[in-house]
Structures are given as structure tokens and as C-alpha cells.
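Below you'll find a set of structures to go through.
Paired with chain B in one complex and with chain C in the other, chain A is shared by the two complexes that follow.
This part shows the complex of A and B:
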């Protein structure tokens, strides 16, 4: 393991000036004024619009495409089909080693899912493009298809990609620790299946991208609602352009993403059209294009769980077989089975683990990264296992958790799969949540409801949010990949007027990075964050970034901003030391002014120091660059290691913890569940901006309630998406999401600048588990149980109707 | 499809607007593309998400489900029209900032319209009434908690301001 860079603001641990304080964000005012700048708001003269022709079949051969009628419509500029597109661009990047599972924005020869794009129409307006799309005549010959992942694994199944020879994209059995021994020696064993339904983050803004080719400069400009690591590089590669011929503008506001908005296929398509036609071209998905053909579904996974434990509740071993249906193409999605390796035992002391991830293709819409990158489904399976063990033993669920949770004195704690958890106090956070929720009163309320004939239940979950996002799972799932760093960076400049600007090299989708950077720079330089401007550089302005994925920006961008600001502070100290002819150690830095310690009148002010740096090189120490700016690139703490032969590797550096407590009642007549009380104990170390952390946690919980109870991309047996609108894909409204109480706890991370951990996935990582546990607690008295998400009204109604101990 | 254009007169954010529009142009497309009022957002185009909410004669409506010509003779207020006459943020907008009632900002204009519509008719709403009023507007970022906080706080501030006058 590589030691982290020593990066602590050690003199700051005793109290922060701006960090952790209630402060308004920098971003909110422009949004409430209606002055956000989203991709659909970017207007270029002469822009042409794309509409898509989608396959109506789950699996078919394309016999012919007739574009004559579409091209004859006034205002139509071009119709692009897969034949041309696939010959002029390269396949999109694939996360695992499966070179035959190529992927392009437009299908060629065969279609592999209903909704797959077959042709792109370019016209003067979106309306004309849509009219013309309906005039494109495609002749198909339907082929066999496979929708169910287990059927897809069976021998003789229809092959989604015949060239690949199997529907399995990745399969490996990892054994970490003495698994056989644990299962042989344990008093008790149980096995069950937990199923996570296909849902996603479904942002309210669909994906959109605009591209403009400047043939004289040889430069392709891109504006997109993007949140994706290595996006400019992948777009350039697929378009067969050098990296510096693509300039992505990161100053576009992204209308929600939560990991999802990785519209690389859209971008290559629109980029190609802009190159080909020499005019600006844009594609703003409509809702159906987004839900059916945008390739942005989430994990669709079942877990075969086996547990070995003793009568006293000690969990000795766990076996997980996880089958994930990624849909018709690979992309990065198989890796969502890899991220959970970094927290495969949850927050528990489980010394022996077998994990068999299996990534399988079907004729469904492809999967993309969703908040948590596969961790929330895994947490759900583990937490269902904990509750099932408690029930099996007749043991209290809280006691069982307390017994197995890693203790505060055990950190850093090395888990069997090779990751070291940095810090935590899980027992304290659980206790805080129980206290805030008045657990014993909740138990009384539940029991009273039950004795009145209602179905009522309490749910708990205790889960981890790995944060800091270095993607060591890439190496674990693809031996040809040797990426061992996931850096991020920030540039801080102080201009001649003394104003401070922070520059970041990626886009934001609601995380408040401008607030983050200005707060951190303000903290280090002791300047008011209100006065610090933050801008998003474009991709040619050379700030390496891996984008805000993996709950990483408070750690990585925050760390980079602190590093750059610290260099500025040291420069100011060096200038003052030179002019006072003393050592920097004899100086005191306060509010940007530097004075000799003990002699406050001997001072160079911020303005004077800035003036020297920008104009008076004769007053600068030799060897120091004039001007006042600094760029800092930070690698992920603990990153850099390659996996061992048995698949152990340090994944993310920091581990935030959350303890959820939920009370639900279910209407036995309709199956309608009502979440009546919700408490979340949360420890993500030092919070830089508490309002932002809380907001993301509330949102994550709401999203988790959706995944647990409402949201599903359902498919018919024929392979048609049955929930392609918001009338059938149900997103929780303010009436389904209850009042939520968050209880904070702070165990600083020893690995980060201010003790911060990540929080972008908070809430979502434990909410589905807690809600599912609450529902099952409610169903327990009637002898029913549901381990398949989402637990819809219908599923509940059916389970209640069929329950053995049903009370009428 | 016909190219015929229809004359409309609409008061938008207090300004009288005359235009010739094709029959099939939605109100939201007209506001965004012709008037460049891009604060109103398109989320689903089937009337569920509420991102496109605007006021029609003081009541929230879905501008994706209306044709531009249906606004003929009516008063439309978009998010750009919520600010005070001097251009500063309204109390509701300011409360959204104070409670951090948004993250990505995409649903925010529609949320503000829905909340403003509530405060017009019910100046002292309960939390449940606030939730009901914004239940037709989907937000994926906030879990609604800080939005409810903001609307509650705005109602209190508005009542205080009214009491002072």
C-alpha cells in the first residue's frame, strides 16, 4: 500500500473559520433566478437538431433502411445510419476485456434491444427532425431474444453478441479468508436470494449534447450535460481525432446526474454529425429517448446469499453470488459489480468471504453508472442477510449489529478483500440514530398498530459509503487495465487586483463544487469565500480531472484546492521573508497579511504582497516565479496499488458510515406502504458545507425509497420497455418522501486534508435496505416476506393476500 | 403539418408580447426558443415532472401541455418574472437560497412557481399543504426536505413583512 501524501492542515484541526459553517452556496442564486445555463440553453446560430429512429424490436436483423421520404421533407439536412457511422468512427470504450462486444451509437446489421438507435435525422428544427424520423422506413427480420438473466446464462441461450461466444461478460470467484473453514465450523447456516430491480437515477433533465466543428482550427467544441471520467479522451478516440482536437466546455450546468450522465454514445454521434455537416448539431433527448434508448438504466441484480454464523450471533463467513444483467452492451457497467469489493463485508467483522460476480447480457437497454456504483444493491443484500440471521436466531437486530460491527478501536481495519477502512465509530452513530428516532417509543407505536390490526414495521440498516473514487475495480475486472491513479486538480490564481479565482477541470451537476472550492481556498488563505470566484475550465485548459464520481470531490477537489491555496500562502510567506530578511518561520500569516511574529507593525499586507508578485520582481526572492498562481494535482490517498493474484486491492480511501431507522405502515387492503418516520445517523467526517451534505443525503434517501418501493424499468416478455414515462416509472414525490431527520457524527478521516470523507452517495446506500427491512418487519407477523425490489403496492397486496397468518 | 401561423397576444412577465405561432408549438418551446426565457425547463413533455411550470393568470400550469396559442389573451409569469421589481430575489427565491432548497437547479423554476402559487392562495400553509402543493413537481436532488423548509420559512417571512407594513 502506498502511503498517503502528508496533506493535513494540521494547524487547522482545532477550529475552522469557514469549513463546517452554515453558509449560503455560491450556485443557488443563479438557479433560483432562472439563470442556470443548461445544455439546452446553449444557443449557437445555425444549429441543426437531431431526432432518432429507434428499433421497435428487442432483437432483429436490419434488412433495409429507406431514407428517401425523410430526406424529401423540407428542412431535413441529413439522415445517418449505422452503416456509415460504424465505418467512420471507432467502438466506444468497454470496461472489461470483451473486444467483440463493440458498441456504437447507431446499430448496424442487427438491433439488440427495443429502443436502440438505428438512424439519426438532422433537420432545421427538432419538430421537423421528429416528423422525418417517422418517415424513415426500416425493414426488420426479428430474431430470438433473451430478457431474463438466468435464461441468458443457460446453455443454448440466444447470444446477444454472437461474436463474443457467450452472454457472460465477466465472471470470477474470489475467495478471501478461510471460507470453507468458516462454513464447516459455524453452528448455523442460511441461504436466500435477494433481488434488486432495474431502476436508475433518472435525472429530471435528460441527456443533451451540442457539437460544433471548426474546420479551419481543426477543433471540435462540445457542450454537454456530462458527468463522466475521461470523457474528452474517449470522445476523441472514438471520433479518430487527437485529444487536443476536442474541447469540452465544462461550464454547462448539468440538471442532475448522480453518476449517470455518461452520454458518450450521444456525443460521438453528434460530434460525427457536426464534423460531417460543418454546422453546429445538437441532440437533446426527449423523455422516451432517454428512458428507452439513452443507455442509462441502473443495476439489475440478484444475489444468492449464504451465511455461516454461531448461535451467539457471531458471523463467521458469507458467500455472495451476484448476477447482474447489464443489458445489450458492456460499456462500463460490469464494473458496478467490482466497486462493492471495497466494502464487501459491510461495516462488519466478517473474516471469510466468497464473492462471485457474474455480469450477463440480455436484450435490454444497457446499464450505466448509478449513484454508489453498485454498492447500494450489495448493501441491501448484506442488510437483508443481517436481519434474516437475527430472525433465524431470535436475536434482536440491533444487538446482532452491535456484536458484529467493527469497533472504534479497530481502525484502520483491513477487510478480507484487501481494503483498509480509514476510521469510524459505527456503534456511536447507530446509538445516535436510535436515540434521535426514540427507538423504544417506535417499538411501542409499532406494537400498538399491530394490536389494532394494522401492518407496521421498523427497519434498520448500517452501511458504508466508500469514498474518494480511485477505480481499482477496473484492474480487478480487466487485467489489461493498469490505471492506478485517479487524480483531480485545482488551479488557484490571485490577480493583480488581489481577487482570488479557483479553476476546476470538470462540470458540476448539483454538488456545489464552486462552494466547495471557495470554502477551502478561503479557509487556507483566510480570505472570505464570498469574494472568491470559481470557474470551470474547458478540457484543453489542462486541469486533469476524473470528474465528480465515486463520492470523491470533497476529498479530491477539496484536497487539490487546499494544496494549491497552500502553495499561494507559502509564496506570500516567502516574499515577506525575503523583504523582511528573516525566515518564513518567524512570520505570522493572518487574513492574507504577513507580519513578523511578535511585531505586528512589521507587516506586508495582502495587497502589497500581490503587488510584489505581479509587478516587482526586484522584491521577489530569487527563483520564485512572478505572478501569483498555483496548480495542484492530487492523487487518491492510498491509491497506486495493483491487485494481488487472489484479487485483493485497496479500493477507495475513505469510508463514511450511515445508520438508518425507518418506521412504515402498510394498508392491508391496498398494499400501500407509508413511510411514517425516517432517521439517518451519518458520519462522513468533517463536513465542508453541512447544507450541501444534508441535501445530498436527503436526496439519496428519497432516491433509495424510490428504488425500494416504486421505481422499475419493467420489461415485457417480448422485450418491450413497459415503463418509459413518468406515469409508469414512478419517482417519489413530496407525498411519498417523509420528513427526514439526519443526525450528524464526525469521525475525521486521517487521510484527507481537513478530515473530510465523501458524501455524494449518502442516504442512497442504506435507504433501500432499511425500507426493505421495515417492510419485512411489518410482514413478519403474518408470515410473509419479500426480498425483491421494488416492493410495489401490487407485490405487497399479493404477499398479504397469500400470507399464511393473514388476519381478516 | 401545416405552416399556417396564428397571431397571439400574451403578457409575459408584465410585458405585452405579440407573435405569430404555428399551431403545434407548445407554450414552453415558445417561451424558451422565441422569447429566450430559458429559466423554464423541459423535463418529461408529458405533464408529470412539473419542471416546465409557469403561472397562467396567477395559477401554476404545465407549459409543456399547452400550445402557445392557448395562452393568447392571458398573463404568463415565468421564473424570470418572480424577482422583485428592482431585480433582486423575491422572499421565496431568497428562502430557497437560505435553506439550500436545490442542488442541480433543474426542477427549481417549476418548484418556485408551484410554491408561489400556494403562497398566493394560502399564506400560512402547514407542512402537509406545502408537500401537497409541490407534489406535482419532481425533484431528484433534495428529497424535498429543504424545499419544504424554504417554503415554510418564506411564508413566515412574508407574514412578518406584511405585519410590518
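This part shows the complex of A and C:
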């Protein structure tokens, strides 16, 4: 059942027993001891292995495929090509209304990016499959290609999907508020371009999937390294199977995801092969396949920014034209331009906004959802704009932020694009971060470094993390999509021994959901979370879920677990009331035992109550089901609305806030940057497990430093991926990430069970902006600036060498 | 990323290894720590028919810092782990540049496995150990089933991933010259995007000063800016007799940069590398000189 959100537990903020307490996470022992069970650990007798034949060309026609030599190799079982596969399965789901931009795991007739899969070889071992993949002879005729998104937008550009008629997947100009007036009346205006490089999250575990078809049962079992809403449904649909003929096992640990473990194309391919061959088939991507053909690159975006503001620092209006290069296929990636609509003005009071998202295709590896779903690039562009305004006005960046930040007394705050921010105290969090970083000492250090001839800079960013996973951007970007339901659910079961088990659907990819659920159930039932087991149901047993996306699980799964536990608690109270012949209001619930208020000796213990529920129907109140379990389905608070004609919609319920403070120095002779100090003030409401929140924030900041300075999937003009291994795709190591100090603040959300907000994308949403602002502060004295990420050593040296005020 | 099929032999002695090399010649590849070879095989960039494992050959693992007929040289067995060399205090005193260079080789974990000889035999022009060998004029002892010969660094490094080692030869030992001047200083540095990456440019220098503060001996070199690691004996000789004044150092650095022949890649253009060559050369000469001066 979906219940209203009014039954909150925040009246207990003063006295949580387990929530917010520093406790070891439930998952630690198995991961630390190497006892995780990942997809590659799932062993089934007779399993066959898949390797892929990839296109060497960015754009080409497939003239012929000769599989004879590959099939002749001992140990090879099958070679599948697009001809067969595309006729026997259906296209994968496309996020926008572009029916001609079909997408299959294997190319048919044409290839659209270097690395695209052309054939799949199935063999007794992965090594034999790779040997055979080399023997598949594909004859190509190269075609024109397009790599640069601006070239792709130009008329006459090579069409990536000729049937679609254009390379544009989505384009719309939203105008929210009096934009023309703001720009006409403002004292000052400025414009610039900010560019976000094609980076991603690159988990240690690549994507993997195993499938087994049971022809007697008519059931396809799937084990996968997956983090994806509606994955079982989409797999069944593309395989032309009924939904209940696919069973996804969610008890598989996922070795990192951060949004992008959505190997639906891999799954349909392996599922088809398992069906066809009648043996278990698995595909564990290797790193080369993962980076080139795994379709898991992130946003690749430039922003043409225009700002209108007054001399006193009041920002009147902002125009954003955002062009995002999704690569060769659509999938869900164009929607990454949609999420930022829910926080389009950042944490600032900007009343007039124009936003023109343009999603364009090129002959590159396709994009997938990445941590923040497009919000971090947008935050970067907005934060660069704030710093540029301050510089333009000669105003202190902190003062400018303080002037424009939404004030604590203005919540709930309705932004021009239709979302209402739930709560926050942005000024307090910013002040906390500045204090923790000893801002004035930092300024002195910077100025001393500068007078000693070094380049030194301080960076700030103040950013939002929309959370709660109400994916209303789907409706905004695709009028044919009317999905307004984004529920999540939990089942709580108390067995005859009195032990508590929480059941969740979907797999976890490091978010600590077992800790989350056990903590929440423990809190409500007043039972020790250590004793509460949490299991992942398979997709045929699971309750409805939308999986951990959009920083939603603390809110949604936490809320569902609390709801189910509360029903159990109410049941125990009802049983006691019936046996004491009193009203439940006269009873006191403590540690799972129920006694009459004021008469503690009149008590039914947890064990006694559980026994009544399971064995003694004669002691049960009439109408109550025996046994002791409860399921609870929760809808997204504030969700369910459709967009207005001008594209306003409530997108996310909760908004966490982070204020970053960074100090960098750059070697003026070599261009080498060093991040020397890092502080992050963070407010995600009530933290259910602080260690998990902090861990996510540390990781997010490291990832953000990577996006700002190191990580890029670079392409040659010929369309070849130039950074397809960890030699060239550079993830920051412990040597590049400084000590990070996180300062917590708590503004509870009024919309959630315990006042919690999401935090799964924390750190990443503000780190690239803060690092870029620090670099630019360092370059400011010599008159240089860089607005393109990642800011490489080379880019820094070139900017320094060309700087007008360079000191030699 | 599964290697193509190969046959595997584990050698028990240097003689056994040399015998196998004689038998299989070009189709065999020696593996020591495997830090470069294994990824190259996994990506099928290298497909040896035979893999000859010398990790168990104890005769190839030694460090000899004492004078045992090889005065003024430290001998290191080719299969000695980089981390073992890094932790050897006596060696650090006698060949300080080697330890300084080792600090930039990968990470602790890779140095625990990687070997001195493996890195030198692989001869990546960006790698640190070949550069240190080039700067110090190390000698490589090459052994075949029938003979042993000594090849100096300047002729050993023949090009990118190419050395003077014959198909039937095994790198047995590297001899590192020890400078006996009391006031000797050395320095090594590099610029790479991340610590542990192959350098865009690396630089090392060793300088000896007389009691009057004049340079009596000098050597310096650059990695990542040519087909092999480069040493600049002619330019180094120009420093001898000077007080290593700013002008002398600057002109040596400028000329070294001018003589280098860097290429461009994803992370650095030739112009950037040449610029770094100049900056880093000056830095290592100055740092080595500082260190020498500190030894009063």
C-alpha cells in the first residue's frame, strides 16, 4: 500500500537509539574478509563463455562476416551475429521519443562507433572465445563519421542514425520566469562557455552477467552486476518473454557502479545465447571491452552560459544552453540533461531562467547514467558562473554567494522550474566549512605563496544534491512517457524464534543497504540491528522497487523499512491490548516488550507476543492475520505530478547541500597542480549511518577531483578511443587525493520518515566545481583562466605560457 | 584480456635459461616481474610462443656493494626486486641516484614484484631505471650459452623497447659505477600526471665538486624525450671546472632540451616536453649541486 507521508518519526529526533550512531556497517565483514559474492563468483556446471568481436571503425558498413575459421576452432560452440540477433530480439528501451534510434547488443548492417560489438563468440573458456574472436573475418566499408558535437549539430553532418533524420535526440528551450526582462534590466551581463569532459565512473568490477535457461520450467535465471530500475522487465521485453519467465537474482554483490551498471544490452545478448544454446552462458567484460564497448561513458557536455546581474551582486537571470554528446545510441542518457531541471538555479535565488538542453549523437561510445545523472556538470557550470560574476564585479566570492543563497527562512522554496526545495541552512553549512578550513589562514597561505612566486588558489563551491529518485524528467523529455510512480518497498518478517529479517528487492553496489534496513527496523522495533538479517529477494519474489538511483534509498527504502516495521510494532501492540483487554494507547512499547503504562509488571515480552502471533490464534485479536510479517510500499514524497505546458514539475523531494573549500598550488614552471587542502561542509539531514555517508562523500570527492583534473575518455579525430586502458584513463590515486575533512550539519527534511535526505552522490556534486574554481583563482593573478575539464597539466602549462601577466 | 596460447618454461639456473634461449631464439620471451610483459600479453600486443620464467633463478638475485674485484661498481643481479634494491642502505650510499629514481617507479606494490633487470631489458624510453643506467653509465652483463659480454648503457639502449641484447642472450647483471668523489650529489625528478605513471619527462643528475666548489665531474640525462633515455656527456663536460653558476646550468638545460627529440601524445605535446626537459634538467643539476655542497 502507498501511504501518505504524514506518519513521520521525527518527533523522536532528540532520541534516536541507532540512527545517526557510529556503528560498524553490516556488510564490512564479508567485504573485508573477501567473502563477497560477485557475478564472476557464481559458478554453474557447463557454463560457456562469451567474447566479443568489436568494430575497429567509428563508422562503417558491414559487407560480410565470415565465421568459418572461428567455428572451426576446437572448443567454440557458437558465433552470433547481428543478422540473427536483431531478428530474434527487440530493440532496447530508449529514453526519449526517437523510435528510429534502435539499439541492439550487436550491430547489424552498420557500425556506429569504434568498439561496437559486431559478433559474439561462445566457447568453453574465455581464452578460447578470445582466440576465436580474432578469427572472425568482418569486411567493412568505412563511412563518414562525426566526433565533435558541434560538427554533429551542423547542417550536412554525417547522420549517425540516418533513419532518425538528424543527430539531435532532444532539444527544447524552457523559459521559466521573466528572462527577457531580467536580461534587459540588469546592470551587467556576461557570457562564457564551460566544458565538461567525457569522464565516467569506472568501477573495479566491470559489468558481468550470467544466464541459464531452464526449458522445463520455461524460466531464464539471470545473475548480474546490476544497478538498474526495471531491469527484469526490460530484459524480458527485449527477449520477447513474459515478465515472469525472467528471474533476476539480486543477491549478487556489485563491485561498484555509481549509476552505470546497466548492462541491459549485455544481458539480452547473454540471455538470448542461453536460450538458444540451452547451457549457462556468461559474459564478464574485460577492461578493454568495458571501456570501449561497454557503453558506460558519462556526460560529455558544454554549456553556453549567460548571466544577468546587478552591481550589488543580485543575480537576476541565467541562460544555459547545454549540449550533451551521448555517443552513438540513445538509451537513457539524454535524460541526464533532464535531472538538472530539478535544481536548475542551484542553491541560489535566481528568479528567471532559460534552459536549452540539446542531446546530440556522435560516433562515440554511448553514455550511461553516472553519479548525479548530469547534475555535477551543471553544478560545475553554475559555480563557474558565480565565480566569474564575482570577478567581474570585483566582489568577494563568499559575499556574492551569501547574498544569493536561499535563506533558511525561505523554505520550502519554489524554484522557477517547478521544484520545491524541502529544507536547508546553506549559510550555516558554508560558514562551518570556512571555519573548519580556517579560511583566513588559507587566504594568508595563498597570498604568501603568491608573493613567493608560486601560483596558489582557493576554490569554493556551494551545490545541491537532489535526492529521492522521482524521475519526472522522463515525462519532461518524452511526452509519450507517463511514469509518475517511483515506489520502493520492504518486507519485514519476524520468525517463530523472534528473529527479524528485512527483505529488499534489487541488488546493492556498495551503498550499505543491509545496514540501512537493519538500522531503521532496529530503530522502530527497538531491537539490536546486529541481530537483524537483511536479504535480497530475486525479482520474482521481490516487492516493487526502482533500485538505488537518484540518491533515493535512504529516503525510499529507509521509509519503506520503517513503514513495514511500524506495522509489526502496531500488530504487537494490538495483540497485547487484546490480551490485557485495554486500548493500545494505554500500552508502552519498549525493546519489543509491551506493558501497561504505569504497571510495568503487566507485560508481554517480545517472545511471548511473537509466539501468540505464530501459534496461538486463540489469543489473537479477531481480524488480525496470524504470522508476523508486513510489507510496505512507499511512493516518492511530493511525487506523482505531471509537467505543466511550460515544463515545470516537482522533480525530487529532498535537497542535500554541500559547501566545498579547496586549496591548490600549481607549479608555474611545469603546470603541475597539487590539491593541498580539502574541506567539505555537508548537510543531508539526519544521517542514518554516518560512516556510510562519509564514505560516500570521500569517494565522491575523489571522483570529482578525477573529473576536474585527470579523467577523460579522449577520442582521436578518426574516432578511435585514445584512453581505453588505465594507462590513459587516469583515476586519481591515494597520491593525488589529499586528506579530506568533512563537516556535518543537519537540517532534517520535513518530508521523510526520520528527516533523512539522500547522499549517494555526495561530494561528487561539488568537487569538480570547487577544484576548477581553485585552479582559476590560482591563474587569476596572471590573467589566465580555464573552463574546460579535465584541466590537464598540459592545459595548465599552455594557459600559463600564454598568460598576459605571466611572471618569468 | 586473456593472453594468446604460449608454452611455459621455468628455468632453475642461468645456464638453463640460456639453453632455452638458444633453442627457441626469437619465439621466446623472458619473464621476470612481469609488470610490463603481462599486460602486453593480456592485450595480445605481445604473443610469445614460449615464456621463460627466471623468477626462481637465485643466482640472478643479488646486490654486491663490497669491493670484490669490481672496484667502483655495485653489481645487481637482473632478477633482484626493485623494492629490495630500494631498501638496501649500503647501496643507497654508493649509488644514491638509483634509489632516488626507484621512488618514481610505479608503486610499492609494483616494486615488490618488478625487477631491476626487467625494467632495463624492457627499455621503455620513459622508464626511470634505464635513465638512471644511462646517466651513470651502467654496464649490462649479457650471457648466452656460449659467452658472456659487457655492454655499456650508451650502446645497450638501441631504441624504444629495443636493446643490444641478442635473441640468445639473457641480461644477467647490471653494474652501477660508484663515484668515489667525497662531495658527490645526485637528484632525480619527473613530471607525470599521477605519481607512478610513466613520466612525460624525467631527469636525473649526478655532480661531484672539488674542495674549491668547482664541479669536477658531472653527468645528467633525460627520459621521455627521445627514442632511448638520453645522457648528455658533452654538455655535462662543459659544467666541469665551473662553479655551476646559474648561467652555466641554464645553458646546459637549454642545450639539453634543444638536443632532445620529444614526441607528442595524449598528455603532452613535443613543445611541452621540450619545455619540461629544460626546467627539469636545471632543477636536477641544481639539486644535485646543493646536495654535493652540503657535504663540506
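Methods note: the second predicted complex is superposed on the first by the 801 of 808 C-alpha atoms of A that agree within 3 Å, B and C clash if a C-alpha of one lies under 4 Å from a C-alpha of the other, contacts with A are read in each partner's own complex, and residues count from 1 in each chain.
Heads up, the rule we're going with is that contacts are C-beta pairs under 8 Å (C-beta built on N, C-alpha and C of every residue); 3 or more make two chains touch, one makes a residue touch a chain.
What you see is a predicted model, and the numbers here were worked out from it, not measured in a lab.
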> First (chain B), second (chain C), both or neither: which does A:204 touch?
Replying inline: first
> Taking the superposition as given, does A:25 touch the first partner, chain B, the second, chain C, both, or neither?
Replying inline: first
> Does the superposition put A:131 against chain B (first), chain C (second), both, or neither?
Replying inline: both
> Taking the superposition as given, does A:735 touch the first partner, chain B, the second, chain C, both, or neither?
Replying inline: both
> Given the superposition on chain A, which partner contacts more residues in chain A: chain B or chain C?
Replying inline: B
>> Quick check on the superposed pair: does A:511 touch chain B, chain C, both, or neither? Answer first, second, both or neither.
In response: first
> So, does A:40 touch the first partner chain B, the second partner chain C, both, or neither?
Replying inline: first
>> In the overlaid three-chain picture, which partner chain does A:192 touch, first (chain B) or second (chain C), both, or neither?
In response: neither
> Which of the two partners, first being chain B and second being chain C, lies in contact with A:16: first, second, both, or neither?
Replying inline: neither
>> Just to be sure I read the superposition right, which of the two partners does A:287 touch: chain B = first, chain C = second, or both, or neither?
In response: both
>> So chain A touches chain B in one structure and chain C in the other; where do those two contact lists coincide?
In response: 127, 131, 286-287, 725, 727, 733, 735
> Across the complex, what residues on chain B touch chain A?
Replying inline: 1, 24-25, 32, 36-46, 48-49, 51, 78-80, 82-83, 89, 93-94, 96-109, 112, 127, 130-132, 134-148
>> If we count contacts the way the header does, which residues on chain C are in touch with chain A in the complex?
In response: 1-5, 43-44, 107, 191, 193-198, 200, 266-269, 272, 275-276, 279-280
>> Under the stated contact criterion, what part of chain A meets chain C in this complex?
In response: 126-127, 130-131, 134, 286-288, 669-672, 710, 714, 722-723, 725, 727-728, 730, 732-733, 735-736, 792-794, 797-798, 801
> For the complex, which residues does chain A have touching chain B?
Replying inline: 24-25, 27-36, 38, 40-41, 43, 127, 131, 201-206, 253-258, 286-287, 509-512, 691-692, 694-696, 698-703, 725-727, 731, 733-735, 737, 739-740, 763
